[in-house]
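Once you've had a glance at the structure underneath, I'll fire off some questions.
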Amino acid sequence: MIYLVIVMTVIMIVGSIAILFQKTLRKAALISGIVSLMAAGFFVLMKAYDVAITEASIGAMLTTALYFFSIKRIEEIEKTGESETRDEGK
Amino acid sequence: MKYVPILLILPLVSAFLAPALGIVNKKFGRFFNPILYGLGIFFGILLFINEYPESHLIVIGGWRPPFGINLYISPLSYIGIIGIYLLAFFIHIADIENPRSSYYNLLFALFVFSSLGVVLTGDIFNLFIFLEIGSVAVIALSSAVSERAGTRAAVKYMVPSNLVAMFMLIGIALLYSSLGTLNIAHITASQSLNGAIALVIGLSIFTSLFFEAELFPFNTWVPDVYKGSASTFSAALSGIGGLASALVLGRLFLTMMGPESSFKLASNQLSSILYIVATASILIGEFSALKERDVKKVLAFSSVGQMGLVALAFATRNPLAVSAGIILLVNHSFAKPLLMIVAGFFVKTTNETRWDDMRGVARQYPMMGVLFIIAALSLMGMPFFMGFWGKIELVKSLLDGGVLAWVGLGAILISVIVEGAYFVRMSHAFFEQPTEDIKIAKMGKMSIIIPICVLVTVIIILGIFPSIMQGFANHISSDLLNSNGYINNIIQSVSSAGVEL
Amino acid sequence: MRANKNYVIFNIAVLILMLVATLYIYKAFNSKAPGRRIMSVPIEKRVSYRYITKSVLNPTERRVVFGETGYEDGSANLVTSIVVNYRAFDTLLEVIILFTATAGVLFLMRGRKRTGYSEASLIVKTGIPIINLFVAVTGIVIILQGHLTPGGGFPGGAVVASGFFLSFLAYKYKANKTVFLILETIGGLGIIIVGLLGLFLKLSFLENFMPLGPIGGFFSSGIVLILYILIGIKVSSEISNIGIAFVSHDEKEGL
Amino acid sequence: MTLQHLFFINAAALIFIGVFGIITRKNIIKILLAINILETGVNLLLVAIGWRAGSFAPIVTRVHSDIVNFVDPLPQAMVLTAIVIAFGTTAVGLVVAINYFRTHNSLETTSFSGGSVKYDEDEVVS
């Protein structure tokens, strides 16, 4: 058990350092999802099953999805040079 | 008394209705929200008349305090509730002519809700969530009007707010692991913490409060947010946010970390830290304001300085000084929104942001100019205004303190001069004969005049009859400094709780 | 990100400062001075021991036995009993913070139009409805069983919403937020009404006013089930709205 | 070294990396990712505080009935809240990042990048 925990710890720490020094945002977001998934594994080891489910569904999946959506959106803006300002409904 | 939670959740009614009714009416909340705030004022005054200055415990969910969550009604909460609802009502009225969407009104209502909750709650994790609600609402609202400046302000607010929120959560986690409880009264009543650990926990909880209260190491967001957001929202942030965050700083610093509490071994160090932070905030805020030319940024920096004064008063732990701090706080939270609204109006009419480009604007709107000067005088601490009574009391009680108190005293004296300098220069510029023709747009102003007149009336009445406010402030300061009374009111029978204290 | 020299120096300076701070905190945790220290309270002395034995109102030595009645709270899942009963106000605020975030996202993304779009493959398009069926059923089960097994309104709502996320990926989504907005309002007002019913029928806001059943039964938890269903509705519609705001191609209405 | 020490070390390392990232990164999305790391670390810390060796998950079942030997459920409840808060702040932060990119054509904050982004100072916001 303790070796499993050590391996997971190392993966998490290396992963989170990699996020900071990763050049591509997409890869960084993906690694962040993996780190969250590992955290969910840790919660299972710590007998926190509710937290593990929540972390896996919200922390790992939905947050990563949001990162991908917004990176996509930023790329679209970059490509088309969209810079229209809105004026309605201040 | 059991119906007090209704008072708290009034803004939520509008907020929860907004998504569906926003489809029907794009500006839902424009007239509905002020009605709710008005109801809040009415219930608050009713509560005040019937119960002041009694303290009450309100249980939520039917579980008694160390286990369930509780609200706590104390002299502090009466002032907090009425003040917040009053400011929310009049700031909303001042904003009513601008076309705000339903979601703007929703977020504003949630901001008011979070400020109320911060003042009322008696549970530290609950407090953390309330602070988070407030900061999410502020992030969204600060980039509501302007695209560029607002978004930049939102980034400047967002990053440190997340950082300090997590620090506070770490503090709460350590507190729970060493005391086994989350209730503020129960924490206060627990066995003493180790000095070094108490210092670490105290600092990590402080970061969040310093951030909300615009104090020194975390005040980088203040000028940008005040400049980038709508002037009415800046008014709300300085008035409502300042009032709530300073009151909760008082509750946590004076009651939970007091010399009779579980933080007693670190209480003196925490005091020194608050002294240093407060002094630095005063000096940095006032000198930056002196150097600044952008009118809204000047007011923002002045806000930092004023909150520093309040924090300095709390740092002394002296009943007289604390009550002076409460007076200064109330003065700030009524005068600064007024200045903000007037400044926003001037910016709108002249289409300039720097005050030296606004020469002569007050000749067009003399009433606005006069009200601006009255509020500025009160902030500066001119005799026969509210700020004067607060500052004079504070100076008197600082004379008895140690070295740090004397340094703070020096900072106050410097700040009075500096504050006078820039407010006089600004007022002079507003009333000066314009050298060249400036374009001043004529615009309707009734909806702005009424709220600021009310605010100025409050300032003048409380300034002419200082004993009213001094009475309230004395009640509040004795409530804040009385850790044992707080514990007894919340955990009536400590021993029957059965948990080791 | 151009790594200029000042930036590297800044990074190293921050690293050194943080190491010093960490060292200080480590020393603080290990100081032998008198007073309570980290982890100095065993679980039996924490407030949560009363949640474990369900004895907040009447301190007893009775332990919680599966299938028996007569406890002050009926959830078999002790985390659920804390989240939705003992500290239900926290959960109301948790819902509100998600609500605030949703409102903020919709407010800041108003009037925006997405420009790019790439077609999804046929396999994805046919596969996703089938997957969505399972996802929705799983989510609903997680919500309904929140007081018996791990799960509840938040993860369940998130799972239901993830089904919507999947369909955003597959189809060019012409958003119709109306349904979600109405569901959001129903969920929010429902929670407040349940809370106020507790206030009027019993003594305090969010108090349980429903009968409790045996530990482990489906109808055992009083208002927990109702609250979790409402939370599930609200959370799933809110998260779906956030998703729509990020991917939608049709953002005409300026909310 | 016990298992609990490992849990604490992991949490502390993530907190350290998160704070370092928030202070030093310049790209807003990187900062948001660093915030997520920090939040994961704090969540791990909270759950580790409630954990003890040899205890069961806090769910009363037919097997685990009539015992008090559960892990502490209160930190778990707090972590549930914290995860949802993290999701909310991340969503708002990402929208702010998109808006920032739209208006500044860059994701870099100007703290240390030497003025790659030009601000027009005379913006009028009333």
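By written order: A, B, C and D. Residues from 1 in each chain.
Heads up, the rule we're going with is that a residue touches a chain if its C-beta (ideal position, glycine included) is under 8 Å from a C-beta of that chain, and two chains touch if they have at least 3 such contacts.
Small disclaimer: the values here were computed from a predicted structure and weren't measured.
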**Message:** If you average the CA coordinates per chain, which chain's centre is most distant from that of subunit B?
**Reply:** A
**Asked** Which pairing of chains accounts for the highest number of C-beta contacts?
**Response** B-C
**Item:** For subunit A paired with subunit C, centre-to-centre distance based on mean C-alpha positions, whole Å
**Value:** 18
**Asked** Taking each chain's centre as its mean C-alpha position, how far apart are subunit A and subunit B in Å?
**Response** 35
**Complete:** When centres are defined as mean Cα positions, the distance from subunit B to subunit D in whole Å is 27
**Item:** Overlap residues in subunit C, where contacts from two or more other chains coincide
**Value:** 1, 39, 46-49, 51, 77, 79, 87, 90, 93-94, 97, 100-101, 104, 108, 110, 150, 154, 242, 246, 254-255
**Message:** At least two partner chains per residue is the criterion; list those residues in subunit B.
**Reply:** 26, 101, 104, 125, 129, 132, 136, 139-140, 143-145, 147, 176-177, 182
**Request:** Could you list the positions in subunit D whose residues touch two or more of the other chains?
**Result:** 18-20, 24, 27, 49-50, 57-59, 71, 74, 76, 80-81, 83-85, 87-89, 91-92, 94-99, 102-103
**subunit A residues touching subunit D - in the complex, by the definition given at the top** = 1-2, 5-6, 8-9, 12-13, 16-17, 19-20, 25, 28-29, 32, 35-36, 39, 42-43, 46-51, 54-55, 58-59, 62-63, 66-67, 69-71, 73-74, 77-78, 82-83
**Request:** In the complex, go through subunit D and note every residue touching subunit C.
**Result:** 12, 16, 19-20, 23-24, 26-27, 49-50, 52, 57-62, 65-68, 70-74, 76-77, 80-81, 83-85, 87-89, 91-92, 94-96, 98-99, 108, 112-114
**Request:** Report the residues of subunit C in contact with subunit D in the complex, numbered from low to high.
**Result:** 1-2, 4, 6-7, 10-11, 14-15, 18, 22, 39, 43-44, 46-49, 51-53, 63-67, 76-79, 81-83, 87, 90-91, 93-94, 97-98, 100-102, 104-105, 108-109, 148-150, 154, 215-216, 242, 245-246
**Fill in**
subunit D partner, complex, touching residues on subunit B are 125, 129, 132, 135-136, 139-140, 143, 145-152, 154-155, 158-159, 162-163, 165-166, 169-170, 172-173, 176-177, 182, 227-231, 296, 344-345, 347-348, 351-353
**Message:** Touching residues of subunit B toward subunit C in the complex: what are they?
**Reply:** 2-3, 5-6, 9, 12-13, 15-23, 26, 58-64, 66-69, 101-104, 106-107, 110, 113, 117, 125-126, 129-130, 132-133, 136-137, 139-140, 143-144, 174, 176-183, 186, 190-200, 262, 265, 496, 498-500
